[in-house]
Amino acid sequence: MALTREQMAQRVARELEDGFYVNLGIGIPTLVANYIPDGIDVMLQSENGLLGMGRFPTEDELDPDMINAGKQTVTARPGAAIFSSAESFAMIRGGHVDLTVLGAFEVDQNGNIASWMVPGKLIKGMGGAMDLVAGAENIICTMTHASKHGESKLLESCNLPLTGAGCINRVLTDLAYLEIKDGSFILKERAPGVSVEEIVEKTAGKLIVPAHVPEMTFEEVV
Amino acid sequence: MAGFDKRVFSYEQAMEGIEDGMTIIAGGFGLCGIPENLIAEIKRRRVKDLTVVSNNCGVDGFGLGLLLEDRQIRKIFASYVGENALFEQQMLNDEIEVILTPQGTLAEKMRAGGAGIPAFYTATGYGTPIGEGKEVREFNGRPHILEEAMTGDFAIVKGWKADRYGNVVYRHTAQNFNPMAATAGRITVVEVEEIVEPGELEPSQIHTPGIYVDRIIQGSFEKRIEKRTVRS
Amino acid sequence: MAGFDKRVFSYEQAMEGIEDGMTIIAGGFGLCGIPENLIAEIKRRRVKDLTVVSNNCGVDGFGLGLLLEDRQIRKIFASYVGENALFEQQMLNDEIEVILTPQGTLAEKMRAGGAGIPAFYTATGYGTPIGEGKEVREFNGRPHILEEAMTGDFAIVKGWKADRYGNVVYRHTAQNFNPMAATAGRITVVEVEEIVEPGELEPSQIHTPGIYVDRIIQGSFEKRIEKRTVRS
Amino acid sequence: MALTREQMAQRVARELEDGFYVNLGIGIPTLVANYIPDGIDVMLQSENGLLGMGRFPTEDELDPDMINAGKQTVTARPGAAIFSSAESFAMIRGGHVDLTVLGAFEVDQNGNIASWMVPGKLIKGMGGAMDLVAGAENIICTMTHASKHGESKLLESCNLPLTGAGCINRVLTDLAYLEIKDGSFILKERAPGVSVEEIVEKTAGKLIVPAHVPEMTFEEVV
């Protein structure tokens, strides 16, 4: 069975390490914050200028001057820092963020990512995504493995205009967890009940399949 | 206005000198920390053919979205637009030129403009449509593109507190692009919630030193929320 | 050291990992806001062949001047040196290589190093010995030279207060080069006068966000004054 | 009579305008702060990161964390701002300082300045001088008109290594106040009792002498 959005977030959350500064994009990446493992503390960076993003506010805490990069009202946790956009992207571009998680339309075997623009459709902009992919050394892309029509999104070469070149090294799809290395996808794990054959079939880019591909396991989350 | 007293007492005075065809650099992220009354004054003045540099372009009927109603903006440099129907329509009709600029590059272009750095290299955008036509150079084995600084005829900024010398502090994440915008205007206008006496702001805690600021005005603010998210 | 607790409790731990031949970026201007105990620890460890990036090089027997006594510094990037006899002697004997760098360019090189900007253009130094051999390019009709960013194996920084997450504020003009240095170290060590609880520092008033900081140590400081000027 | 150091500072101070942000270099420029005309308020920028430099401290106010660019202990006036060196030079390089006053060894008719390095002598460094001359649109150089041996310091072309190229537009010497424009020095004022002939003789660069060259006047300063 393909992973649910929640399971994808859970799987990504296992890549978090204690003391990581993490930037979570909009969509599934945002859900990762709900599954931070016990005993692990991470600090969330929001690129509009907040390091140490906290929970959503209560009605009493609600403050129009306190938002995240998704423009949602948020709070700051104790020990947070707030700064300008230039400082925020100095952090990002300078490689100080330990892990970035973001969605994508396509990735390819050379680590290219397309996530912001579909020609012919209305283009709203890249926001901070280009800076995030250029700046982070450690990026996980979350995406569906293939389109609804079964077309692979893990390609030999991206078709859509890029967000960044050669910058992605890990992908979590609804079917598999893969690494990108030396011009290939490497299949590391598969979703529960998903066969290696299905993943092979739905991966258009070069795919290396090790002898043993473990199945992901998920505990029931309360 | 004598010495360092930069206060003005009407929005008309605050935006005096703005003309058709000028470039306006604006602070704000989404609707957070936007100079809402200065924007409203630009609307009132009906100046046209403006080039606007701002991360976003407001929403229908608020923020920079107001300037779309009478087609006052000819060109905008932004990282994310189209949160409003009017913008989409003008974009589709080619009535507004949109130069999409990565958010970090936009912030750095404003900072560079204020700081006398005419251009800088960044890896952001290399290999993407943003890098097309731009000079590429390798540093540390990695290709980077050359990006040029930006300055404006006016910078419009929203602060929290200021003294009459133009020293400004920002509140929470309403800081965002405001400090860089403040440095990059030939004339920098800052609207704030409160004007305090010189010496009330701790010198080492000032976000925007007064040297960058030409006019200060105290206003009241609607502070519209774009995405209200609460927990119970 | 669990999670974000970056405190260390000895200067030995604070400078653990420093080795011969490394590059050290140091905060401070003259003797103001210098990481005096971290420098003393570098002396104690007797590491050699260091490259130091610092606006100045201390005085005889204090600050970076301490590292001259056992000839620990091979090369220094600075804007103003020679306030001490030992330095002059080593410079004249070619025992230390001095790369004079304009003060603003030095600050910007550190900032760029921390901010992922590998190089930038500046008018500073064009037409002078500093511009020799550097690429020249015109922007806005004016020649500028290309300057590259700087980073270090270690950054050593003097703060005033910090929390255990490594958020730092500086006191008065002891700020100077410290915030930029803090961003430019592969390992950034900050010594402060007081460690406070997370949440005690106002988030929007933090000069150096903890993300740049690897180790925090609380120390006591001599704070020597270079030029004591008083009025009666 | 050649101007005294104090008279030079007084004459420079007349160029101050109400609301000017001013950077004063070490030496005679520093003295300018003592002669700010009545009714004029200027804000002194010190490039180590202080805008709004105040008086020297009393013994009680003395604080090692509060110094100026000359490394002297100072105070901050009410409404001062304190910031990093990067911010300080952003101001300077970005052209936000209204007037810079600094000393020089030589200037030439093309606005070049040499002020930091004498080959063969110990070189201590340029500090912030190169940034200051490159960043300011409005610079006054204070210097003696000629060396003790009578050699002019106002040259056709600087002999010493430059601090900045084409950036000086005004010079105050102990003998005269001059502007630099279109490749010439223009004699604007002469020191009391100093003849035009003496100035002509001691100016090696191209000098334009108007029909009338007013004499500076100085009131007795109490």
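The chains carry the letters A, B, C and D, assigned in the order they are written, with residues numbered from 1 in each.
What we mean here is this: contacts are C-beta pairs under 8 Å (C-beta built on N, C-alpha and C of every residue); 3 or more make two chains touch, one makes a residue touch a chain.
Everything numeric in this text was worked out from a predicted model, so none of it was measured.
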| item | value |
| --- | --- |
| Other chains in touch with both chain B and chain D | C |
| Chain pair with more C-beta contacts, A-C versus C-D | C-D |
| Chain A and chain D, separation of their C-alpha mean positions in angstrom | 56 |
| Gap in Å, rounded to a whole number, between the CA centres of chain D and chain C | 29 |
| Chain centre separation (chain A, chain C; CA means) in Å | 35 |
| Distance from the mean Cα position of chain C to that of chain B, given in whole angstrom | 32 |
| Residues of chain A touching at least two other chains | 50, 76, 82-83, 89, 92-93, 134-135 |
| Chain C: positions in contact with at least two other chains | 108, 111, 115-117, 122-123, 171-172, 175, 203-204, 207 |
| Chain-level touch network, classified as line, ring, star, complete or other | other |
| Every chain pair meeting the contact rule | A-B, A-C, B-C, B-D, C-D |
| Touch list for chain C against partner chain B, complex | 108, 112, 115-123, 137, 139-140, 144, 148, 169-172, 175, 203-205, 207 |
| Complex contact set, residues of chain B against chain D | 2-4, 111, 113-117, 163, 165, 167, 183, 197-199, 203-204, 206, 209-212 |
| Partner chain D, residues of chain C touching it in the complex | 29-33, 55, 78-83, 88, 91-92, 100, 102-108, 110-111, 122-130, 143, 160, 171-180, 207, 223-232 |
| Chain C-touching residues of chain A, taken from the complex the two chains share | 18-19, 21, 40-41, 43, 45, 50-52, 76, 78-83, 87, 89-97, 134-135 |
| Contact footprint of chain B on chain A as seen in their complex | 46-50, 55-59, 62-68, 70-74, 76, 82-86, 88-89, 92-93, 112, 117, 122-131, 134-135, 161-166 |
